[in-house]
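After the structure tokens below, expect a handful of questions from me.
Naming follows writing order (A, B and C), and every chain is counted from residue 1.
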Amino acid sequence: MMKNFRIIPSLLIKDKRLVKGKNFKNHIDSGDPVKTCVAYDSQLADEIILVDLGAFEKKTKPDFETLDKVVNECNTPLTFGGNISNLDDAICAIKAGADKVLINTNLSETLINQISEKFGNQSIVAGIDLILKDDKIFQFHNNQILEVNLYDKISEILKLNIGELKITFVEKEGTKKGFNHNLAQEIIKITDKPIIFEGGFSTLKDIEEAFKRNINSIALGAMITFSDNNIFKIKQYLENLGYNMRLRD
Amino acid sequence: MMIGVLDYKYCNSKSVFETLNVLTDDVCYVTDAKQIKNISKLVIPGVGSAKVSLDYLKKNGFTEEIVKFVERGQDILGICLGMQILFKNLSENGISEGLSFFESNVEPISEVSKIKTNIGWRKINMEKKILEIEDNSFYYFCHSFFVELKNSEKKYGVANIAELNKIPAIVNKENIYGFQFHPEKSQKNGIKLLQNFVNL
Amino acid sequence: MKFCTNCVIPETAESHKFDNKNVCSVCNQISTKNEKIDWNARGKSLDKLIGQFKNKNNYDCIVPFSGGKDSVFALWYLVKIKKLKPLVVRFDHTFLRDTVKENTQKVIKELEVDFLNFTPNFKIVKKLMLESLFRRGDFCWHCHVGIAAYPIKVAIEKKIPLIFYGEPSAEYSSFYSYDDFEELDVEKFNRAINLGINAEDILGMINNRFPKEKISKNDLDPYIFPSQKELRKNNIKACYLGNYIPWDVQKQVDIIKKELNWKGDQVEGVPKEYDYEKIECYMQGTRDFIRYIKRGFGRTSHLVSIDIRNNRLSREKGLELVKEYDGKRPKSLDHLLKILKLNEDEFYNIVFEHVVKPHQPEDIETLKAKKSNQTPKDFEKLFDSALF
């Protein structure tokens, strides 16, 4: 079956602006959420992930107002997250125009069932933040770092009625140090469900390597925020190498 | 000429509305069934769930008004779940009865494919030419259910998903149009398509 | 690094693709232009387009202008051949050279047109230059964006919806092909012009970098591009003359030299015979030097490739010229460093962050050492610090 590649800008909002940092720290201004999403829309991004970092840090309501403004000008599928903690938050997100909600901290069977009952399971992305250190795997969840068994943790989450997973390699986040291909390979053996990977992509070769090894959905942060790479150019590069990318409409 | 975007509570009507509003000033939300008499075209958006939406439409008098609207021959467009509810029986969270403009039913994707949820951009193969849509063009899909066209209704299938050709991407029966994908989230292709629907 | 087998452009070029014979997409586009486009039909479309807008307002259209060969030819063509009454609009990026200013005066007098020149706040321009150098390894954001956004804002304000740019981008890049009727809309602006950064984005970024001198969104008004909805509501049609008539640089330069006494100029870093391209900006040499560092090819590569595609030069001769002229450290770099208050090593280190793989730039000492020995004569006067 032809690969269904997705290249997805992953953006963080704080105080109504986009921010970007390293390892979830030292965030600096990275632009206007609306206009940046419009730029990615024009550059043929396959989807956009927008996460309210401020809401996550302060445990406040997610910024639906900014989401609303982004949707007004952007015709690219949008996944929204950042302290979505109850059904009402999910309703606000979808009504503001998100196609999917990203649930990480507040992942529970109850919440997932409530959301899928109203909007269908395809509207739910379960987010997992993983750290690989000294050959052990840890999950970063709700501001705690706990060692987990990779297979058990992912299987547990797969039991929920979700559409897909998003897995972030946290110690690589923002560093552009390179994506952990081996760990990703372990994970895709566990399930057929669509998985979006994020964390550490730094070069075009990095992306090509992932696609070569059967990863087909990747989220990019620092790589596009802090350099001249744009989505269109990334896709052009991959197409030059023989991958079938969605480049012309 | 007024285009109504149906808001059936648990759905994403906003993206469809905003996209149409870039193309024309003559668009409004339809939140009350009584409005349907006064509009010339109706769009039913998606991002919802079969049972909850169909219950809502029935309880709030939308079902009858939509049936009358379609009988008057006015153009109606259903997007994703909005397309699926135009059919007979939907099987998400138990069996719900749709608007039954067609006789075929809506089933889980897992019945015809290894994947349970189809999320992403897919090329579609046009079997007939409508709305100036080009063969092999990309649109964005996000769904776990699909319309399984009965043999007697295969003629209403206008396009399939190229890689998943048992899944109809577009259906059309006279004034009824259905897109399984989201034109409001399919960038330029989707906008062109909506412009052509506006111009019908 | 792979190079096109027809021209001399490598794979690091922005939007180029290579076919199975390793010929780049721009070379293929040029053959489409010459062989597959029905220019008669295109010419008729142009007349039909003009018919929709002519004589409806005080001006028939806007011509965004620099004084360089493309905008001068476009203006000449629309006035003399199509008999339109345009409003000529120039966004002054601050670095206009004397010859191009003289050309402008000659042309607007000879063609008898109204001319609107806008010069933005230079203090803000300097901040924008530094920020975009950091963010994208390209200090020209204010110019890319200003020359695109400003004429469209004037179009909306003065209700002159038809805008004619000149050269279609298919002449040198593959964001759009000759089959497309290219328009400057939100999509093109974000895909191919603004480096992916809008005014609303850079506002927060420069306030971050210069917190003691914060500016507001209003201060960046000339750089704000309208939304797609605003473009539609105002019926804006910002199109490219080169989609309607076959663009021929040599022929066009000959016409404007003859009809308007247009003059070329010496440009840093290119052979003397290329006196007609990129004469507008005296920072051009540094712009091209940055491209050389990031992507491994400079302005001479670009120019000889155009000639190769139009059968005016052989590839071998092209490569010789590239070897002699590309990658020389330009004099204008001194001036950029002074404006941005950077030292030369800092400059290289910033640009190195933006190198496009697989190109690997030379090291700092090598780059510094290859000094250009061709500084245009007007640079001494221009780089006088009293002017800045």
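Simple rule for what comes next: a contact is a pair of C-beta atoms (placed from the backbone, for glycine too) under 8 Å apart; a residue touches a chain by one contact, two chains touch by 3 or more.
Here the structure is a predicted model, which is why all the values come from computation and not from measurement.
K.L.:
In terms of C-beta pairs in contact, which of B-C and A-C ranks higher?
P.N.:
A-C
K.L.:
Which one of the chains is farthest from subunit B, going by Cα centres?
P.N.:
Between subunit B and the rest, the longest centre separation is with C.
K.L.:
In angstrom, rounded to a whole number, how far apart do the mean CA points of subunit A and subunit B lie?
P.N.:
27
K.L.:
Between subunit B and subunit C, what's the gap in Å when you average each chain's C-alpha atoms?
P.N.:
For subunit B versus subunit C, the centre distance works out to 44 Å.
K.L.:
Taking the mean of the C-alpha atoms as each chain's centre, how many Å separate subunit A from subunit C?
P.N.:
Each chain reduced to its C-alpha mean, subunit A and subunit C end up 36 Å apart.
K.L.:
Two or more other chains touching the same residue: where does that happen in subunit C?
P.N.:
187, 228-229
K.L.:
Indicate the residues of subunit A shared as contacts by at least two other chains.
P.N.:
As it turns out, subunit A has residues touching two or more other chains at 41, 44, 73.
K.L.:
Do you know which subunit B residues sit against two or more other chains?
P.N.:
188
K.L.:
Which part of subunit B faces subunit C closely enough to touch in the complex?
P.N.:
Going through subunit B, the ones touching subunit C are 21-23, 188.
K.L.:
What does subunit A use to touch subunit C in their complex?
P.N.:
Contact set of subunit A toward subunit C: 17-18, 28-32, 34-36, 38-44, 73, 203-205, 224, 226-228, 230, 232-233, 236, 239-240.
K.L.:
Which bits of subunit A are touching subunit B when the two form their complex?
P.N.:
Touching subunit B: residues 1-2, 4-6, 41, 44, 46, 68, 71-73, 75-78, 91, 94-100, 116-123, 163-164, 192-194, 217, 246, 249 of subunit A.
K.L.:
Which residues of subunit C touch subunit A in their complex?
P.N.:
11, 14-18, 135-138, 174-175, 186-191, 194-205, 207-208, 227-229, 294, 353-354, 356-357
K.L.:
Considering only the defined contacts, which subunit C positions touch subunit B in the complex?
P.N.:
187, 228-229, 232
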